[in-house]
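Structures follow.
Two complexes are shown next, each including subunit A; its partner changes from subunit B in the first to subunit C in the second.
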Partner chain A sequence: MEESRFVRTEMLAPQAPPLGEIGWIRWLRDNLFSSWLNGALTLLAGAAVVWLAAGIGPWFANAVWNAGSLAECREILAGAEGACFAVIHDRWLQLLFGFYPDTLYWRPTLAFLLLFVALAPALFPAVPRRLLWFTAVYPGLAYLLLWGGTIWGPLVALAGVPVGVAAFLALRPALPLLAPAAGLVAPVLWWLLAAGPVAGLLAAALPWGLAPVGSAKFGGFMLSIIIGITGIAVSLPLGILLALGRKSDLFLVKTICVGFIEFIRGVPLITLLFTASLLLNYFLPPGTDFDIILRVVIMVTLFAAAYMAEVIRGGLAAIPRGQYEAADSLGLDYWKAMRLIVLPQALKVAIPGIVNTFIGLFKDTTLVVFIGLLDPIGLSTAIRANTDWNGIYWELFLFIGAMFFVFCFLMSRYSMHLERRLKTDHR
Partner chain B sequence: MAIFSDSTRGGFRLGMLIYDTRYRSLTIQVGFLFLAMAGAAWLVDNTVENLRALGKDFNYGFLGTRAGYDINQRFVAYSSDSTHGQALLVGLLNTLFLAAIACALATVVGVLAGIGRLSRNWIVARLMTVYIETFRNIPVLLWIIVMMAIMTEAMPAPSAFRGEDATASMILWDSVAITNRGVYIPEPLFTRGLGDLDIGVFLVSLDLVAVLIVGAAGIYAHLIITRHAEAVQNATGTRPATWWKSLAVLLLPLLALLWALGFHPGWPELKGFNFQGGIYMRNSLIAMWLALSVYTGAFIAEIVRAGILAVSRGQTEAARALGLRPGPTTRLVILPQALRVIIPPLISQYLNITKNTSLALAVGYMDLRSTLGGITLNQTGRELEAMMLMMLIYLVLSLIISAAMNLYNRSVRLKER
Partner chain C sequence: MAEPLGDTTVDRAIDRSRMTVGSEEAIRIAAMNKWYGSFHVLRDINMTVFRGERIVVCGPSGSGKSTLIRCINRLEEHQSGRITVDGTELTSDLKNIDRVRSDVGMVFQHFNLFPHLTILENCTLAPIWVRKVPRREAEETAMHFLAKVKIPEQAQKYPGQLSGGQQQRVAIARSLCMKPKIMLFDEPTSALDPEMIKEVLDTMIALAEEGMTMLVVTHEMGFARQVANRVIFMDQGQIVEQNEPGPFFSHPQSERTKLFLSQILRDH
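Let's turn to the complex of A and B:
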C-alpha cells in the first residue's frame, strides 16, 4: 500500500510579509489612515498644511534682505509677494539694545556673556563650585557694566553682605538666637545709612568708573533680559519664603502671607505696573525718585514671587508628612529641617511649575511697553513710526516672536533636563 | 516631676521669650505684626503727606460727576453725559463680556488641541504640538497685536465688497462680513417684541428674558424626563427611549415663543460706505477675543492632555471588561476622573484670561482698565482712588471666579473615608 501520509521534513523558507504590513504603507495605515475618521482628519490637516505652505512659502522665498526702506523693498520685489527682512537687517542692533550708545555696545554684550559664566555653576554640576564666587559678585558687575558710573556704588552695596556676616559672627557666641536677625538688620542699616556717604567719599577720592548710561536709553531685548533675569533670580527665594510663611503654624505670619499672595494673584500685572509708574510717588517719602527700571523690576518680582509661592506650596504639599516628622525626630530645628530635608524634595517636585513661572515672567516683561519703556514690542511701534519703515508688520512680529520663542523654549528644555537629572526614583 | 521642671523652675524671665519654645512663636508673631504695621503706617503716612503736598484729598465723589467721553461698545445705556460711575459699569461689563467669550472659545480650542495632540494620527498630533509650543512660548501681548494687525491690515475694506467685480465676499451664505473695520454678524430681531424693562441702572430686553426663561424651563423638563427614565431603568431593567421627548421639550416651546415674538434675523448689508444692520463687532474685540482664546487654548490643551493621561489605562480596560460601550466608558469612567485633574488648573486659566483682558489697552478695546483706569483717571487726576478701585474690582472678580470654581471642585473631589 502506498503511503498516503505526507510529512514535511524541511522548513518552508520564510516569506516576505505582505506588502501592506511593512514599510511606509504600514506606517501610513497605522498613523494616518487607521479609520475613516482618521483618514478624513489626515486629509483635512494635510490640506491645511499645504494651504499654509502655499500662502507663506513664496513670502519667504522672495524675501528681501538688503534695502534701506519699505519702498525700496517693494521696488526690488516688483509686485511679487515677499517679505522685507531688510528691516531686521537695518534695525536689529536697535531691537537688541534699544537706544544704548552704539560705541558702548560691548558693555551689555560683555554683561550678557558673563551672565552665562555666572549661571553655569548654578545650572550645571560639571562646572567647578568655586565659580560660585563669581556668581555672587555678578549682580554688582552687571550693574556697573550696564549703567556705568563709579565702581564704588556696586562695591559698597556688595560690602553689605560681609557686614551682615560679620554682625552674625560677632553676636553668635553671646546671643545665638538673635544673631540671624542681626545678620539681616546690619546690612539693611549699612545700605540705608552708611552706603551712600561711603560710596560718595570713595568716588571723590578715587574717581574710577565707566561712562554712565541712563535708564531711558535702555530698550529692546536687553531690557527684557535685564528685567526677566533679575525677576527670576529674586522671585525664587522670595517665593520660597512666602510659601513657607503660608504653610507656617504662626497664625499672623500665615495670614499676612496669604493676604499678600492672594492680592497679587488677584490683580492683573498691568495694574501693578501702573502702580509702579503712577502711584509709587504717593507711597514713598516726598522727594524720593528712583529709577523706573528698578520700580518695574520690583513689581514684576513681587508678581512672580506670589505665583512662585503657590507653585512651591504645591511642592511642599506633595511631601509626605513622615518627612517633616522624621526631620523633627532627628532633632533638626525648623530652618535646618526645611533646608536639608523638605525643600530639596519639594523644589524637585515643583521644577516644572517653577520654570513655567519663569517663562511667564519673561513673557510678561513685554507689558512694560504700557508704561513707556521700549521693550521689543514698543520698539516695533517706534520703528514703524519712521517713514522708511511705515507699514511693516509681519517681519518685525516674526523676529520678535522667534526671539521670545527661542528663550522660552530653551528654558523649558532645561527644566526637562533638570527633571531627568534629579530623578532618583527607579520607575 | 521631671517633665514639668522646665516650666516651673524659677518663674518667668525675659529671656524665655526667645529661648523657650512655648513663647518663641508668640514673640516672632508679635515682632512680625509690629514690622508689618510699621510698614503699613509708613506707607499711609507718606501717602497722606504727599496728598497734602499736592493739595488733593481722597474721595470717590468723582464717580458721580459727568464723564464727558464716549464709549464705543456698550451693553447698557451710556452717553458722554453719563457719570464716571456709569462709565465704570460699561467698562466692567465689556471686560466681563470679553472674558466670558474668550473663556468659552479657549475651552473649545484647548480641548480639541489637547485631544488632537494625543491622537494616533501622526499629522494631527504634530500639528497640535507645533500649535501648542508656538503659542505657549510667545507673549500674549504680541499675539494681541498680531491679531489686531491681521484684522486691520489683511482684511478687505467695505468698498471691496461692492460692485460687479467685488474682490471680497461675505461668508457663511452672505450672513457674516469680515472687513478691516470689524466683523458684522446677523442680529436677532422681534416684530412683536415685548420691549425693554428699565431697572434703574440699565435696560433689560424682555425678549431675551422670555427666551432664557423658556430655555431654562425646557432644560428642567429634560432633567425630569431623564430622571424618570432612570427610575424606570432601575425598576424594570429597560430604559425607555427619551431622546425624542427631550428634543420636544427643549425645542418646541422655544420655537413657539420665537414664532410668537415674530423672530427674524437682521442681515448686515452694504449701504453707502459701510455695512448697516446686524451686530457690529469691533476689530479690537475680535482681536482680543481670538488672541486670548488661542493663547490660553494652548495652555488648556496641555491641561486637558495631562488630565487624560492621568487616568490609567486599567480604568478603560476595566470599564470595557464590565461590558460598557466606548461612549458610556468615556462618559462614566474616564471623564469624571480626568475632570478632577483638569478643573483646578482650568480655573486658574480662566482667571488668567480675566486678568489678561486688561491688555485690551494695546488695541483700544474699552474695558474696565481703559474707562476707569484710563480716561476717567486722566480726566479727573484721581490716580490713587481710580487705581485702588480698579484693583479692588479685579480682586473681587478673581475671588468670585475662584470661589465658584472651588465649589464645583469640591463636588467632584475624590471622596475618601
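Let's turn to the complex of A and C:
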C-alpha cells in the first residue's frame, strides 16, 4: 500500500502558538473563566470586591491624621464617613513603649535593632558563625538596656552558662548520662542561690550601669515583644527536652515530663497568668521581689513549652526506626544520635507546628492585660479613658492588628523559607 | 540441578589469596536465648565466628536470622547466655555496647542512610563524632571508600538522589569508614531491583577478597556458594544445620534444609 511508506524530505520549522494559548488571555481562561459556572462566579466575586471596597474605601480615603481629639476629628470630617487615625499619630509612641520614660526611648529601640543582629546568625547560614557569640550575650545586653541598673546583674546571670558547662564537663567522664541534667541543674542553683549576693557585692564595689526603669513602666508592643521573643527562645529547647523526656525509657524522667505536659496543657493560660501575678507571692519567701514581667515570661514559656513538646514529639514519631538503628550501629551515644541524626530531621518535619506555636504564643501575650500589664490592648483601653479619645475603637484595633500581623507574617514567611532550604529528601 | 533463587553470577574470578580463616575468635555466642514477650525467638544459639570467616545465614522468614545478627551489635537485647564480640562481652554496660558497635559495621535491608546529610557527611559523621578523627582526614578516608564502592562522584549529593543500589553501596562505605573488624549484613539486597543486586554483591565480594570477617543474612545462594566458607540454616529460632557451601547445597542433611532448598530452587 502507498500510505504505509513515508519518508520526510524537509523538516518543519517551529511556529508560534495560536493567540489564545499564551500570555494573559490564556491565564484569564485557565484561572477565571475556565467554564460558564466559573466565569459567573468570577464576575460575582469581582462585584463583591468592588462593593466592599466602595463601602470601606471612603473611610480610609477621608481619614484624618492631624487632630487633638475625637471631637476635633468629627469637626474636620463634618459629617462625612472617615477614620480618625489622629489617635495613632498622637499616641503611637505610647502604643510602642507604654509608659517608658521618653528620654530613654533609644534603649528599647537599640535593643530591638540588636535583636536582629543576634537573630541573623541563628536564622541564616550565610551570616558568619562567629556572630553567634553576640547571640549568646544578647539576652544580658537586652536586659541591661531595657531595665537598666548595674551591669553586674546580667553578667552574673550569664555566668550561669559557664557554670552549667563546667558541671557538665566535670561529670561527663564519670556519669555520661547524668551530665546533661547536671549541666541544667547547676546554673539554676547558681541563679537561685549565688547570683544575687555576688551581683550585689560587685555592684557595691564597681557601680557601673544605666538609669534603672521599673517593670511597671513597660507596656505596648515593647512588652509583647519582650514576652513573645523570650518565650519563643526558651520554649523551643525546653520543648525539645520535654519531648525527649516523654519518649525516654527512664520511668522517672518520663513520668515527670508527661505529668508536666499534661498539667500545663490542661490548664488555661489565663489561669497560669493569674497564678503568676497573685499566687506566687504567697509561695515565695516574704521579701522576695520577683519581677512581674519575669513571672509572666516564665508562665508563658512553660505554657508554650508544653505545646512545643507535643509538636516535636509528632516530629520524632515521623522518624523511621531505621534511623535510630543506623545511628546506634555506628556507635553514636544517645545524645549524639539525637543531636546529629534524629532532631535535625524531626525538627524539620515539625517546622509548621513549631511556628504555629510561636505565632500562637506571640498573640497570647495580649492576655497579660488581664493581670494589669499594659500590652497594646491594655493601652488602647487606657487611651480611651482619656476624654480626648473616648469612644475610639476601630482605628486603635486596626493599628494593633496590623502590627501583630507584620510580626506573625514574617515568622510564617521565614518558616516557609526554612522548609525549602532544608528540603533534601527529594521526595 | 536447577539454579537457586537469585543466583546472581559474578563474571570475574574471585581472588582467594587473602580469604583466609584465622584461629582467633571474632564472635562467640554461647547458650543464647531471646524472647519477644512470651515468644521464644532465638533458642539456645551456640556459634563461634573466627577472624576472616564469611558466613551466610539463611532460612525461611521468621526463623530468627535477622534477630540473631542484630543481637551481635545489641540492636536487640538477649535474655540469657553470653555474646562476646572481639573479646568484649555484651551486657547492659553502655560503654561496652558503644565500643562493640563502633567496631562492628552493619548494613541494613533499607540502607538507613541519613537523608538530611550529603553522601560525604553520611560517611564522615561517625568517624568525626565517635572516633574523633579530624574532619580533613575523615573526608579523605570517606573518599577512599566511596571510590572503592565506585561512587566517588556522588559525594556531594543527598541519599534521596541516588538509586537503591548506589544507596546500599554508600551504606557499605559508611560502615567501612569506621574501620570495622566485623561486618554484619541484614538482607542487603532484598529491597533492590535485580539489576542493582549485582553491583551490591560485587562490592561485598570485593570486601570478602580483602579478608573482612562477614556475617551475611541473605537469600542470594549464588553469593553463598561463591564467597561463603560456611552456611548456617536457621528455622524456628534454632540453628538447624551448618556446613561448607559445597556439601550444604549438594547434600543437605536435615529434612527442613532439604525442604527449604527445594522450595527456593523450584521458585526460580
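Assume the second predicted complex is superposed on the first by the 351 of 427 C-alpha atoms of A that agree within 3 Å, B and C clash if a C-alpha of one lies under 4 Å from a C-alpha of the other, contacts with A are read in each partner's own complex, and residues count from 1 in each chain.
FYI, contacts are C-beta pairs under 8 Å (C-beta built on N, C-alpha and C of every residue); 3 or more make two chains touch, one makes a residue touch a chain.
Keep in mind it's a predicted model, so treat the numbers as computed, not measured.
Asker: Which holds for A:Asn386: it touches subunit B only (first), subunit C only (second), both, or neither?
Answerer: So A:Asn386 meets neither subunit B nor subunit C here.
Asker: Could you let me know whether more residues of subunit A are touched by subunit B or by subunit C?
Answerer: More residues of subunit A are touched by B.
Asker: I'd like to know which partner A:Leu278 touches here: subunit B for first, subunit C for second, both or neither.
Answerer: A:Leu278: touches subunit B, not subunit C.
Asker: Figure out whether A:Thr135 sits in contact with subunit B (first) or subunit C (second), or with both, or with neither.
Answerer: neither
Asker: Looking at the overlay, does A:Gly331 come into contact with subunit B only (first), subunit C only (second), both, or neither?
Answerer: It touches subunit C, and subunit B stays clear.
Asker: Output check: A:Gln345 vs subunit B and subunit C. Expected answer is one of first, second, both, neither. What do you get?
Answerer: second
Asker: Considering only the touch criterion stated at the top, classify A:Cys408 as touching first (subunit B), second (subunit C), both, or neither.
Answerer: First partner only.
Asker: Would you sort A:Val369 into first (subunit B), second (subunit C), both or neither based on which partner it touches?
Answerer: In the superposed model, A:Val369 contacts subunit B only, not subunit C.
Asker: Have a look at where A:Asn62 lands relative to subunit B and subunit C in the superposition and call it first, second, both or neither.
Answerer: Neither partner.
Asker: Just which bits of subunit A does subunit B share with subunit C as contact spots?
Answerer: Correct list for subunit A: 177.
Asker: Per the contact definition, I'd like the list of subunit A residues that touch subunit C in the complex.
Answerer: Within the complex, subunit A contacts subunit C at residues 176-177, 320, 322-323, 325-326, 328-333, 336, 340-341, 344-345, 348, 422, 424-427.
Asker: Given the complex with subunit A, which residues does subunit B contribute to the contact?
Answerer: Per the stated touch rule, the residues are 18-19, 25, 28-30, 32-33, 36, 43, 46-47, 49-51, 53, 119-124, 127, 133-134, 136-142, 145-146, 149, 153, 351, 355-356, 358-359, 361-362, 369, 373, 383-384, 387, 390-391, 394-395, 398-399.
Asker: Enumerate the contact residues on subunit C facing subunit A in the complex.
Answerer: Answer in residue numbers: 73-75, 94, 98-99, 101-106, 108, 110, 112-116, 125-126, 129-130, 158, 160-161, 174-175, 178.
Asker: Give the list of subunit A residues in touch with subunit B in this complex.
Answerer: Checking each residue of subunit A against subunit B gives 30-32, 34, 38, 41-42, 45-46, 48-49, 177-178, 249-253, 256, 262-263, 265-271, 274-275, 278-279, 281-286, 359, 363-364, 366-367, 369-370, 377, 393-394, 397, 400-401, 404-405, 408-409, 412.
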